[in-house]
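Next, two complexes with chain A in common: one pairs it with chain B, the other with chain C.
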Partner chain A sequence: MKPILECQGLTKKYGNIYALSNLSLTLERGQIVGLLGLNGSGKTTLIKLINGLITSTAGQVLINGMLPGADTKKLVSYLPERSYLNDHMKVEEILSYFSDFYENFNVVHARAMLSDLDIDTHARLRTLSKGTKEKVQLVLVMSRDAELFILDEPIGGVDPAARDYILQTILTNYNENATILLSTHLITDIENMLDRVLFIQKGQLVLNATVDEIRTAKRESVDSLFREVFKC
Partner chain B sequence: MLGKLLKYDLKYGSRFFILLHGILLAACILGRLLFFERLDFDAGSDIIAPYIILATSLYVLLFTAVSLGTAALLAVRFYRNLFTDEGYLSWTLPATPVEQLWAKLFSGTIWYILDILILALSLVILLSGSNLTAAYAKVAPEITEALGMPLGRYGTMLLVFTLLSSFSGTVTIYVCISIGQLFPSHRVLCAILTYFITSAVIQIVVLGLMVIFNLFPGPYINDAATETDTVQYLFTTLKLSGVINFVLTIVEYFATRYIFIRKLNLT
Partner chain C sequence: MPWDLDNNRPIYLQLMERIQQDIIAGVYSPGSKLPSVRDLALEASVNPNTMQKALSELERSGLVYSQRTSGRFITEDKTMLKKIKRNLASEHIRQFFEKMTLLGYNREEILELIQEALKEE
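On to the complex of A and B.
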């Protein structure tokens, strides 16, 4: 079976600035991977390249052996760090939209999660609070039976109670054969659920190790290693 | 996939489109009932002329507003759906960039064609009152002679030319917005500038070709303002613009397609 994600010499330049520089990476299936780095380190650029939202300057991304395109988008469920839903739509309409476009979207599952969260599916998105909108997006993304979940800062803008719910949602909806790539800098909140971490600094991969390796070899937590590596 | 994308594109703008054109049609029905049907065309032209000039001016304003509103609907839908935060969803749907482009082209052309047909209908509503048609019958031979053809045929030809331009008009809007996205900042401003620069260049090329092929009705440009020559000149210009637009539409389509496939860079 091909790796779910491969990056080969991936480079992205904005003007004269390298957002990513010759980054190579392979991710196998069935793991939760933390993509960690400081602001502006290249995390979101990498995520955008995987999703085909920007084009690379050099190198390539392969998802299940394919370049980003319509076929890879069936496999990838992506939660961006911003609200990407049309505010004028009702939650119900958004459910229909996802059902229409994604064959692997489980609408029954999504409805159950929305009900658990007391979110009225007849409400228009613009009437919901920022935190509730984020929950709606997360429910939509996690209700797909995808092979690669890419979550960009899923807990960045929500309160601790919602944060717990989101992390619980991710864990309970996690298919063992799927891979989750989770970008954040709130490491302590997610450390216990991670199998592997990637440290990215100035557009380059500076660490690719399992959490067990970090704990055994370096005898420290991911959080303390992060603070050490990215010390200002 | 194309059908699904098209469905949501058409659904998105339908309310605004219906509202905009509903206002136009309502204004035309009222204009006919309350104004045109109450005009006495047997009165001297110096008496009714000011009223007709006022009504025509109001109609031209409304006509322009509705046309601009439709163009804005296309532009805003295209820009918002593909190049703002919404683009993060649109571009992660399992659709190819070409399917995304054709969905927008079909929906845009459908809106444009409906817009043109409704604008034509508004004119018919406004001008088909019995008093107006009776007044027109008196001057019809003169107008037919001046146009070189009956007014109905003239209007139909203009309508056909306008309908044919609906696709190219849509592509032009899309290519300008897409080119605007190539700039690192002020992307909307760059898109608007691209539109004006492209339009100006096309006008200059049409004028240049008319001079080169000696398509003006006489040695002086103002010769075009004489009766049948005016119509001749108008249709020659339309035909030439049609050919240029056809070539330009193909270039613009492939430019947009190229940007979608190779140069997509969401901020």
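On to the complex of A and C.
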């Protein structure tokens, strides 16, 4: 089986600035991977390249051996940092929209999660709080039978109780052939759930190791290593 | 309720210790079946792969064994369980002595303090 994600010499330049510079990375299936780095380090650029939303200056991204395109969008379920959903739509309408759009969308699953989170599916999105909107989006993204989940800051805006539910949801739904790549600043909250962490600094991959490798070698948590590496 | 884990020590080691502790304390009895990797991972709020690693290590030590299709079981080897219990006890005692020594007590004084404490109980 081909790796679910491969980046080869990936470079993205905006004018004279390198957002990503010669980044190479291979992710195998069945892992939960944390993408960590300061603001502006290139996390979202990498995520957008994987999703084919921008094109690289040099190098390439392969998803299951394929360049980003219509075929890879079936495999990738993506939670962007900003909402793209229409505020005037009801949750119910969005559910049918997703059912039409993605053949691997599991609407039964989505309804069950929405009801666990006490979200009224007849409400219009604009009437929901920021945190609730984020929950709706995450439910939609996690309800797809995808092979690569890419979550850009999935738990940033939600309260700690919902955060626990969401993390449990990720663990429950996680299947052995899928890989989850998630970017976050809330390292401590998710550290125990991760297999592997990637540190990105100034567009370059500076660390790619498992959480327990870090703890064994450095005798400290990923969170405190992060604070050390990225000290201002 | 997620398991209480330290931030600076490898997660799989802590999971091993916790399961070992539970076996010794009788939460799981000798010969009984352990919950599945996924259920244990959910209970502990950890990555299933990490739980898998902890269980494989416990298997290597002989404390648990797996049966092809039916899952993982606790050993029925009473001698081994006794030995592990004894090792854990020695470790607790070692740590206790270390702390008391840091406070400046010598061996005799420590023994006296223990005897006093036992009388008070």
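Note that the second predicted complex is superposed on the first by the 232 of 232 C-alpha atoms of A that agree within 3 Å, B and C clash if a C-alpha of one lies under 4 Å from a C-alpha of the other, contacts with A are read in each partner's own complex, and residues count from 1 in each chain.
Here, a contact is a pair of C-beta atoms (placed from the backbone, for glycine too) under 8 Å apart; a residue touches a chain by one contact, two chains touch by 3 or more.
Predicted model, so just to flag it, every value in this text is computed and none were measured.
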Simultaneous placement of chain C and chain B on chain A, clash or fit
fit
Could you look at A:Leu117 and tell me whether it touches chain B, chain C, both or neither (first, second, both, neither)?
neither
First, second, both or neither for A:Val107, with chain B first and chain C second:
neither
Where does A:Gln168 make contact in the superposed view: on chain B (first), on chain C (second), on both, or on neither?
second
Of the partners chain B and chain C, which touch A:Gly69 in the superposed model: first, second, both, neither?
first
A:Gly52 contacts which: chain B (first), chain C (second), both, neither?
first
By the touch definition at the top of the document, which applies to A:Val229: first (chain B), second (chain C), both, or neither?
neither
Classify the contacts of A:Leu186 with the two partner chains as first (chain B alone), second (chain C alone), both, or neither.
neither
State whether A:Tyr84 touches chain B only (first), chain C only (second), both chains, or neither.
first
Taking the superposition as given, tell me the minimum C-alpha spacing from chain B to chain C, whole angstrom.
28
Quick check on my understanding: which residues of chain A belong to both its chain B contact set and its chain C contact set?
none
Interface residues, chain B side, partner chain A - complex
1, 4, 7-8, 12, 85-89, 91-96, 99, 184, 262-266
Which stretch or stretches of chain A touch chain C in the complex?
30-32, 164, 167-168, 171-172, 174, 188, 191-195, 211-212, 215-216, 219-221, 223-224
In the complex of these two chains, what residues of chain C are touching chain A?
2, 5, 7-13, 41-42, 44-50, 53
List the residues on chain A that touch chain B in their complex, please.
14-15, 48, 51-55, 69-71, 73-74, 76, 78, 80, 82-86, 97, 100-102
